[in-house]
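Order as written gives the chain letters A, B, C and D; numbering starts at 1 within each chain.
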Amino acid sequence: MQQYLNEIYEEIKQTHLTGKVASYIPELQHVDPSKFGMFITDVQGNQWHIGDHLDLFSIQSISKAMTAALVFSIMDEALWLRVGKEPSGSSFNSLVQLEYEKGVPRNPLINAGAIVMADLLIDLLNDPVPDYLNFVRKLANDGSIEFDLNVFESEKKTGFRNIALANFMKSFGNIHNDVDDVLDLYFKTCSIRMSCKQLADAFLLFTNHGFHKNTGEQILTVSQTKRLNALMQTCGFYDEAGDFTYKVGLPGKSGVGGGIVAILPNKYSVAVWSPVLNAKGNSEAGMKALELLTTLSGHSIF
Amino acid sequence: MQQYLNEIYEEIKQTHLTGKVASYIPELQHVDPSKFGMFITDVQGNQWHIGDHLDLFSIQSISKAMTAALVFSIMDEALWLRVGKEPSGSSFNSLVQLEYEKGVPRNPLINAGAIVMADLLIDLLNDPVPDYLNFVRKLANDGSIEFDLNVFESEKKTGFRNIALANFMKSFGNIHNDVDDVLDLYFKTCSIRMSCKQLADAFLLFTNHGFHKNTGEQILTVSQTKRLNALMQTCGFYDEAGDFTYKVGLPGKSGVGGGIVAILPNKYSVAVWSPVLNAKGNSEAGMKALELLTTLSGHSIF
Amino acid sequence: MQQYLNEIYEEIKQTHLTGKVASYIPELQHVDPSKFGMFITDVQGNQWHIGDHLDLFSIQSISKAMTAALVFSIMDEALWLRVGKEPSGSSFNSLVQLEYEKGVPRNPLINAGAIVMADLLIDLLNDPVPDYLNFVRKLANDGSIEFDLNVFESEKKTGFRNIALANFMKSFGNIHNDVDDVLDLYFKTCSIRMSCKQLADAFLLFTNHGFHKNTGEQILTVSQTKRLNALMQTCGFYDEAGDFTYKVGLPGKSGVGGGIVAILPNKYSVAVWSPVLNAKGNSEAGMKALELLTTLSGHSIF
Amino acid sequence: MQQYLNEIYEEIKQTHLTGKVASYIPELQHVDPSKFGMFITDVQGNQWHIGDHLDLFSIQSISKAMTAALVFSIMDEALWLRVGKEPSGSSFNSLVQLEYEKGVPRNPLINAGAIVMADLLIDLLNDPVPDYLNFVRKLANDGSIEFDLNVFESEKKTGFRNIALANFMKSFGNIHNDVDDVLDLYFKTCSIRMSCKQLADAFLLFTNHGFHKNTGEQILTVSQTKRLNALMQTCGFYDEAGDFTYKVGLPGKSGVGGGIVAILPNKYSVAVWSPVLNAKGNSEAGMKALELLTTLSGHSIF
C-alpha cells in the first residue's frame, strides 16, 4: 500500500492541474492550491499516508454521507418517503428535476436531498447542531473536530442557490421546519473541518458493515450499510458519478473543498485531498489519485 | 355599453363557477366568492358599470403592468437588459425556464420578471415604497389607494416559491439588491387594494397613448405605450395568454385576487372582478365576461 | 404608402445584414442574398410595391397560416382537440415541450402543430395534395402557383428533425395516418413558391374578415378570422413572437425562405421578402422593413 | 445455491404480481405471464436452475450490454466520443436529455445509446447482422440462437419513439449511416431469443474478467470488463438503476421481455425471467428474485 501511495504522490506532483479552487464560497478561495494529502486505513487497523494528510479542510458535501447515515440509522426505510434513491442525472444544484418531481429530491447526496435530511434531523435530534457534531466526532473517534464558523457565515451569506432550493421544496411541502433553521443546520454540517486521517477513520463505518471501528458499536445494520454504499456508488459524485464508477470502481463521496473519501467494502477506506477542482466540481488530483490507486492495486468492486 | 354590461351580468349570475378562490395566500381565502363587478371608462370620460364595481380587492399581479410602466418610463429600452419580452410558455412560477436562461426572466409580467422590476425600482426611486404607491394613486387619480398589510404579511410568510425565485436569480447575478428588500417591495406592490373603477381609470394610460387621463401629462411615450400593450397581449395571462388572446382579443393583465383589466387601444379600458379562479389562475367569471363583451360589442384588436 | 415603401427600400439597401441564408435545407442555399421585395394590398384593391415583389421564393412556414385556415374552415373548434393555441415559449423545433405535453403541440403555427394539421388534412380532403394547392391558388386568385419539387425532395431527405417530431407524436397517438404520408404532405405545403404579390393577395383573407377579396366567398367566419389573427400575433414568429409583436404590432407569419406576411385587420396585408435570416430564423431585413412600416405609418393594432 | 433457488421459487410462486406484460410491441403480448425461470452458472462451471430456465424469450434491451461489449472490444476508449457514461436520470426513451446534450446519449445502455452503437457496428463489421448474431452465439457458446423476425417486424412497424430518437440524433450529426439501416440492425439485436441458461452463459464474460468461459479467448481486457460492469451497475435498469443497486447490489441489465441478467464479479452470473413488468419496465418477479438471492446468500459487491 505505502508503495502505491508513493507512486501516486510522484505522479500527482508532476501533474499540471488545469482546474480551479472553489470560488463560490468566498472563504474557500484562500486555500493553498498545491496541497495534497492521502490516508488509507483498513479494517485490521493498518494505516498508510502521504503528503498533507493531517491538514484540516472543509469537508463540504462529504458530510452528506454522514448525514444520510445518521438519519438512516434512526428512521430506517421511512427515510425514503422524503427523498429518492436514484442518480440525479444532472448537475448538483438543478431545480429542474425538483420541479418535475414535486419537490422530492432524487437522493440524499445532492444538495436538495441533504437539505431535506437537515429538516429531518431537526425533528429527530434533541439538540441538532451539537448532536450532529458529536456523531461525526464519534465516527472519527476524535473529539477535536469542529465547525468552521467563517465558512458557515460565508456560505450563509452567499448560498442563494441553496436558499432557493430550500424555499422551493418548502413550497411543495417537503420542508417541515422553518427554512432558516433548516439552512443553518445544513450549512453547519457542510462547514466541518477534518483531515484525510479523520475522514478515512470515520468512513470505516461503511467499510466495516456498520460497526464502529474502535468500540464495536453497531451504528448501521449490515443491510443499511450495504445500501448506503450502493447509494454512494451511484450518486456520490454529482454529475460525474458514472465516470468515477467507470474509472475508480469504488463507492465514495466528494466535496467542493477538494476532499474525496472512498471505500473498498470489507477492506479499507481511503481519503484524499487536493483543493483544485475539475469542471464537474470534484477534486482533480483526488480523482486521479483514486484512479491510480485502483489501477495499481487491482482493487475494485467490479 | 350599459346594455352589454346588463346582459353580461345576467349571464354571469346564472353561470355555475367550478373553480376556487385563491388559497395559496391565506389572507385571500376570506373573500366572498359570489362577488362580481365590472367598470368601463372610455377616453372621452364616459363610464359604465355593474355589480360590485366599487369594492376593493387585492390587485395582485395586475400591479405588474403598472410596475413595468413605471420602470419603462424611467429606463426606456435599457430595461430589456434585465428581462425578456417573449411569452413564457409555461406556468407563472416555473423555475425551469429561468434555469435554462441563466436567471433572466422571459418578461416583466411573470413573477420572476416583476421581482427583477422591484430590484430595479430600489435603484431608481428615492423612497421606493411610498413612491410606488404615489405612482399608482396618480394613475388612478385617487389618493385613497393603500397597501393591504395583512395580505402583505401573509404573502411574505408563505411566498416560498417567490423567495426561491428571487434567490435563484440572485445566484445568477440578476438581482442586485438585498433579496429581502426586493421581496418586501414586490409583495407590497401585489398587496395594493383597488376597485374595478380605480383599475379601469389607472389603465386609461395604456388606452390613451401614455397620456394621463385628467392632467394630460405624458407618462409613457406613444411608442412605449404601444409596446407595453403588445407585451400585455402576449404575456398578460400566465399560461393562458394564447387562449385569452384567442377568445377576447384585447391586451390585458389578470391577478389571483380575481381581477382582470383589459384595454381597447384608443377607445376604452375595462376592469372586471370575480374572485373564483380557473385552473390557470385567472378569474373564471372575469374571462367569461370579457369574452362576452367583445362578442356582443364586436370590439377586438384583430 | 408608396412613399413609405421608397423610404424603407432606401434604408434597407444601406443596411449591412449580418445573418445568413437558410442552410438546413440544401436547396434553399442557392438563393441570391441581396434580393428584397415588398408588396402591400388593401381591402379597397389598392396596391403598392417595391423591389423584387414578383420574384418567386419558397414560402416554407408561411404555409402554416393557410393550412390552419383550411383545417379551421372545415373542423371549426374541433381542431383544438389535436393542437393547442398557446405560444410555444421555445424554439420552433423543440421536442421538450412536446414530451411534457404528451404529443400535443402548443399551436398549429410551429412545425409539430403543422404536421398534425397535415395529418388532419389527409382525413378531411379527397385528394390532399392537389386540393391543398388549389386552396392556396384560390386564396391568391392565381392558378400558376406550384410546388417546388426540388425543395420538397431536399427537405424530405434532410428533414430529420421533422421526421423525429412526427414519429414522436405518432408514439403518443396524435398522428393517425402513416407517418410518411403525413410528412409528404407537410413538406409539400412548405415547398410552395410564391411572390410577395401572391402572398399579400392570399392573406387579404385574414384582413378581410374571412371573405375572399375577389369572389366575396366567405371562407372563414368573422370569428374564425379574428381567432387566427390572434394566433398569428402570439405564435407566428417562432421564439421571436414577443419581439415582433413588441416592435411591429401586427399579426403575421414568417418562413425560413425569408418571407414574412403581416396584416392590419380591416385595412391591408403586406408581404416582404429578403432571404438573409437572423439568429431566430426570421428574415432580418423583413423584420426591419415591417418595423419601419409601422413606425412611419403609425399603424399598429395596439 | 440450489437451496436458495428453491426458496426463491416458492416465494415467487406465492407472490401476486400487480404489473403487466409488455404491450408496446404487439408481438410481446402473447407471452404466458405465469412463466418464471432462473439459471446460475459460476466461473468453475457449476450450474443451478429452477423453473422455465430453457424457455426462449425476447432478450430486448439485455442485448445492449452485449452490443456495448462488441463495440468496446473493437474501438476501446474511442467509443466515448459518441456516447456518455453517466446515468440518464430519466426514463429510458426521454428525448429531453438528448436535446439538452445535443444528440449525445447519456450511456450505451439506454435506447438512444444503443442506436448509436448500432450505427457504429455498421461501420465496424463486415456483415453487421450475421456478425452480430455470431458474436452472441460465441458468448453463449450456442449456435442455435436466432433472431425472432416476428418481433423484429412488429417493433419496426410500431417503434415510433425509437424512429424519433434515431432521426433526432441524425439531425445533430450523431448518426452517420442511413437511419433505416441503423434501426434495422438495432431492432434485430433486440429481437434475439435466448433462454436463462444461454444468457447466464453469455454474461460469464463479464464475471470472468473478459475471458470466454470455454475457449479462454480474451474478448475484453480486464479493464474494459471492469468498466462495463461499472456501467451496468449505474445504468442497467432505466430509471430504476438506483433502486436495483440499492436492493440487489449487483451489476446487470434488464429487458422488457421480462429477462434480467446480473453478475457477481469473479464468482457467477445469474439470469432470471418472468414477463410481468413493473411500472418502470423491469420484470417484477425478476427484481424480487434477485433481491432474495443477494439477501439469502449475503452476496453483493457492497
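The rule we apply is simple: contacts are C-beta pairs under 8 Å (C-beta built on N, C-alpha and C of every residue); 3 or more make two chains touch, one makes a residue touch a chain.
Computed from a predicted structure; not experimentally measured.
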item	value
For chain C and chain D, chains touching each	none
Size of the rotation, in steps of 5 degrees, that lays the CA trace of chain A over chain C	180
Chain separated most widely from chain B, comparing mean CA positions	D
Separation of chain B from chain D, taking each centre as the mean of its C-alpha atoms, in whole Å	55
Centroid distance [mean C-alpha coordinates] between chain D and chain A, Å	32
Multi-chain contact sites of chain B, meaning residues that touch two or more partners	none
Contact graph of the chains (line, ring, star, complete, other)	ring
Chains that touch, pairwise	A-B, A-D, B-C, C-D
Contact footprint of chain C on chain B as seen in their complex	84-90, 97, 106-107, 225-227, 229-231, 233-235, 239-243, 245-247, 249, 251, 265, 300-302
Sites on chain A touched by chain B in the complex	94-96, 99, 160-161, 163-168, 170-171, 179
